[in-house]
Amino acid sequence: MAALSRDTTGVYAIAPTPFDESGAIDFDSLSRLIDFYGSAGVTGLTLLGQMGEAPKLSHDESVCIVQYVIKRTDLPIVVGVSAPGYAAMRALTADVMSAGACGVMIAPPNTLRTDDQIVSYYEGASAAIGEDVPFVIQDYPLSFSVVMSPSVIARIAGVAPGCVMLKHEDWPGLEKISTLRRLQADGAMPRLSILCGNGGLFLDFETERGADGAMTGYCVPELLVDVVRLTAAGDREAAHDLFDAHLPLLRYEQQPGVGLAVRKYVMKRRGILASDIQRMPGAALSARARGEVDYLLTRLARKDSRVVVTA
Amino acid sequence: MAALSRDTTGVYAIAPTPFDESGAIDFDSLSRLIDFYGSAGVTGLTLLGQMGEAPKLSHDESVCIVQYVIKRTDLPIVVGVSAPGYAAMRALTADVMSAGACGVMIAPPNTLRTDDQIVSYYEGASAAIGEDVPFVIQDYPLSFSVVMSPSVIARIAGVAPGCVMLKHEDWPGLEKISTLRRLQADGAMPRLSILCGNGGLFLDFETERGADGAMTGYCVPELLVDVVRLTAAGDREAAHDLFDAHLPLLRYEQQPGVGLAVRKYVMKRRGILASDIQRMPGAALSARARGEVDYLLTRLARKDSRVVVTA
Amino acid sequence: MAALSRDTTGVYAIAPTPFDESGAIDFDSLSRLIDFYGSAGVTGLTLLGQMGEAPKLSHDESVCIVQYVIKRTDLPIVVGVSAPGYAAMRALTADVMSAGACGVMIAPPNTLRTDDQIVSYYEGASAAIGEDVPFVIQDYPLSFSVVMSPSVIARIAGVAPGCVMLKHEDWPGLEKISTLRRLQADGAMPRLSILCGNGGLFLDFETERGADGAMTGYCVPELLVDVVRLTAAGDREAAHDLFDAHLPLLRYEQQPGVGLAVRKYVMKRRGILASDIQRMPGAALSARARGEVDYLLTRLARKDSRVVVTA
Amino acid sequence: MAALSRDTTGVYAIAPTPFDESGAIDFDSLSRLIDFYGSAGVTGLTLLGQMGEAPKLSHDESVCIVQYVIKRTDLPIVVGVSAPGYAAMRALTADVMSAGACGVMIAPPNTLRTDDQIVSYYEGASAAIGEDVPFVIQDYPLSFSVVMSPSVIARIAGVAPGCVMLKHEDWPGLEKISTLRRLQADGAMPRLSILCGNGGLFLDFETERGADGAMTGYCVPELLVDVVRLTAAGDREAAHDLFDAHLPLLRYEQQPGVGLAVRKYVMKRRGILASDIQRMPGAALSARARGEVDYLLTRLARKDSRVVVTA
């Protein structure tokens, strides 16, 4: 499997974790999901993030999912290992790296406030998991209430050799990408691969600003792959035209708290997941909301023929 | 002037406050802005909200702006009077109501947490400003960190006779509208006019859910007026088509911290404001960001011929 | 072992987890600690709370500590089982209850805001762990950013049959105790045992207000036992005299972030723990701070002869 | 009047604002309060802080209070000018400095997160009020949710020439004082006067760590004056003995939300204020709480004969 590196580009899809009605992991759906991502052209997969319902899984379940996925695909796998303490983070990292993951992703605990606190936390995490393990900083202030300035990211990149990638989902975040690329050009920080999250809500401009791609879970990952490819090819108008066609649904999916329910529902409509159920505590779509998503899918299907939903 | 009521429908535009390069209020631009809103077909105006840079204005400036606007237009005027204490709130309310405002808007201080705290705060505010003054609850958790459940809004509506309108900008918020309308249908709360904020990001569905319109500051208010009108007329496809055409720009404008800069920049490009400057501390767009907005405007102009920008 | 009940009184000591210099669990110190608590006259022990460095322990380590303690003492044992999701909470609860714990303690995740969200969370948690498992609500807004009004606690007690105890560490909290006892007297909620935390900083008055005792980790638990006993015996002056003698040290220990370091250091000085080290990320006392604690101990020893420190 | 400087030492009392039962400013009580502070031996006064109910006063009332106090005393006066925007801050600063204040105090808005944001805010504030106006940074994370590391304070002191004093009320904060004094000794920052807040809860050790005194509102300011004087004189035991005698009351007063009610109640019992009423929204003590304060006063009076209360 390819290692995660500072030069990684493309789309890492944040995979949901399929459950059946009893709350058990649904490996049949997981199998279809892996095949689907492969055919959609993604570069890699990210497992056990917030949208993978990681906090609702036991350690053993988490390792089991990672092993299952790695056996079934050649796509490189990043695994979320965020934990309240370094002990659990270290244990999960050891297990998934030996299972064949290409790297791990670490979100900051929401108690961090000052620049020094944030840098120290990642320095400690890097020491805990091992400095040779490639890791991704998850920069998502809306969800974690931790705000990292570009200089903090530069400092982490400077002190933690394993830090090779930024999952960028600050909001607003376009200037942050430009600033990070400028710091790198000035020699003030090593290069990081920057993959963008936030459901892709600004991917059209993020790629133009210097991001290397996306790491997010939009229910039509084909769109993410296309936008990254078209922008890299310099086909700006085509990238925006396609992006704009998806924006109404993408925006609907990006609602906090509801997003995963929309994502799983669409993947069920697309025939990938058998059920859109979440483990407790989780959100479910009302009949009204499902109707709205259906309406958005119908409208989208007119512009993107790949979006076909089952009856 | 029409009073603000539980049955108000339409679009109240959140007006920015124009400044000149020295930081002084630019009354010429304000005059053009008022004319523009009138020709755009809005129902009313909301002055001195967050996006009106209210916290950067002195009391005297605030009153002066309200008086100036009321003299120049017949549109009903709502004024933001949020303040850290009831004394300043009461003073500003008295001044603007006697100047001819039709109501005031009150945001919760970000120290409130429990249901009881929130209800008590609004009960006290209502007593402070006078129970005969119509007021708007501003429900904007992303900005104020105060989360109001539907039952809390129902309780406020029950204890504060002046409470006639909800500025709805929770996120996600579609189910909240449905729940509030159900509570009202069940007799569990009096009717409130619900006007939606969040830049209009979900206006296409909010109106379908039972909202009465919009109270927000999107830089092309014509779009807000049209969506409310088309939905009321039952022309769903036309409403969504127009909405979707604006969504790329609307989404760009809705970035926290940057939104007002985008809004003022577009209004400058449209020839309404002489300058897009904000009072300190404020945000300014980078050259790169201005280019992105220009690009979005160019693309939008192909679909909505009203969006013509000056050179 | 006695079951945890609505009528529990006395002192549950929050036990720290002893580590050696390598970061391994130090079972010799744990053994001494258990003996010490027994001789100090505490009613029970609480393991794996925040101050037990629970988030830094793996699931297996957590279970191992609980089993070890239960084998060595007849004191009833409460175990902290707070977790980001119900799955891990359920798994840990099952393991520790079958090992012989008398109940579990659950802190709210810091994303909860509204009354309904808090009640729903505890209702779900109760269902997840099993309605027959006695549990303790941990009400600690300073640490968790979740504010529970008395009516919310009453609602939880009403819907979750296993809810028998409140670990009360709101701040300010005296009126809350009075309000809860009034709600109970009025029949608006079932009785809960109320044990107070916050290091004991207000225990002198909390017991007078109707609290049943303490659940906290002050490094001289003998003081907590005495204050509860003296207040119950109606010896107000003696209770306050002793409390006041300890207050300078107690206040020093109650500093957030530093408290556990002070606690472990004093327990090392008292010959109970071999080391005061914490697992990473953890705090350590500076030489200056150790000197301050030594000074406070010296002054305290003049008033309470039980506080003897080893050289 | 003495200017506020980097070398200021002693006690600045945070003065409450007296109101009568109608909510009007009670100038008779204010007059007695000024005399009382003079006789208590304080070095200066701080008006219009949080505990002076500043947010509940209009601009005109604020200026009026400052003018009244300055006319009646030769004590140097610091005025809280924190405001949501620079415009109001600038206006109030101009008015109070021309009335004769010796400096102003500025708290950070609670939206600030990163080091750069905090430094920029103070840099902008300094420019707004004028670089020749001496100002105090209020570092109070518990209340403002803004955490300033020592290096941030050093940066502010470096870029804002008017920054001469730190109101230190971080918690824990002892190491912070040591670190700031070390940075200063190393030439990494200019000297700041450090006066401590938090009701004085750690004043016994703060002065030993290098603080220059206190700026807080404990209802027996004589204690603050004595502790600063005794520590400066090297009489450690006497300082701690007196401090410890006051600690039970001081701790009770330091409860958030309740503190001002306790403070005003004691000042009423001491014959200084005619009423302990606060402007709305404010807290009031229950009969039970008043009884607890009375009990603490009675116990304290046995150890400090200056604490005599009127019947």
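So that you can tell them apart, the chains are marked A, B, C and D in the order they are listed, and the count of residues begins at 1 in each.
Methods note: a contact is a pair of C-beta atoms (placed from the backbone, for glycine too) under 8 Å apart; a residue touches a chain by one contact, two chains touch by 3 or more.
Because the structure is a prediction, the values reported are computed rather than measured.
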If chain centres are mean C-alpha positions, then the most distant from chain C is chain B
Which of these, C-D, A-B or A-C, makes the same contacts as B-D in over half of the contact pairs? A-C
How big is the gap, in whole Å, between where the Cα atoms of chain A centre and where those of chain B centre? 33
Dist(centroid_CA(chain A), centroid_CA(chain C)) in Å evaluates to 38
Indicate the whole-number Å distance between the mean C-alpha point of chain B and the mean C-alpha point of chain C. 47
Junction residues of chain A, two or more chains touched: none
Chain D partner contacts - residues on chain B that touch it in the complex: 53, 55-59, 61, 83-88, 91, 110, 120-121, 124, 128, 279-281
Residues of chain C touching chain D in the complex: 171-172, 174-175, 178, 201-202, 204-205, 208-209, 240, 243-244, 247-248, 251-252, 255-258, 286, 288-289, 292, 299
In the complex, go through chain C and note every residue touching chain B. 113-117, 141, 147-149, 151-152
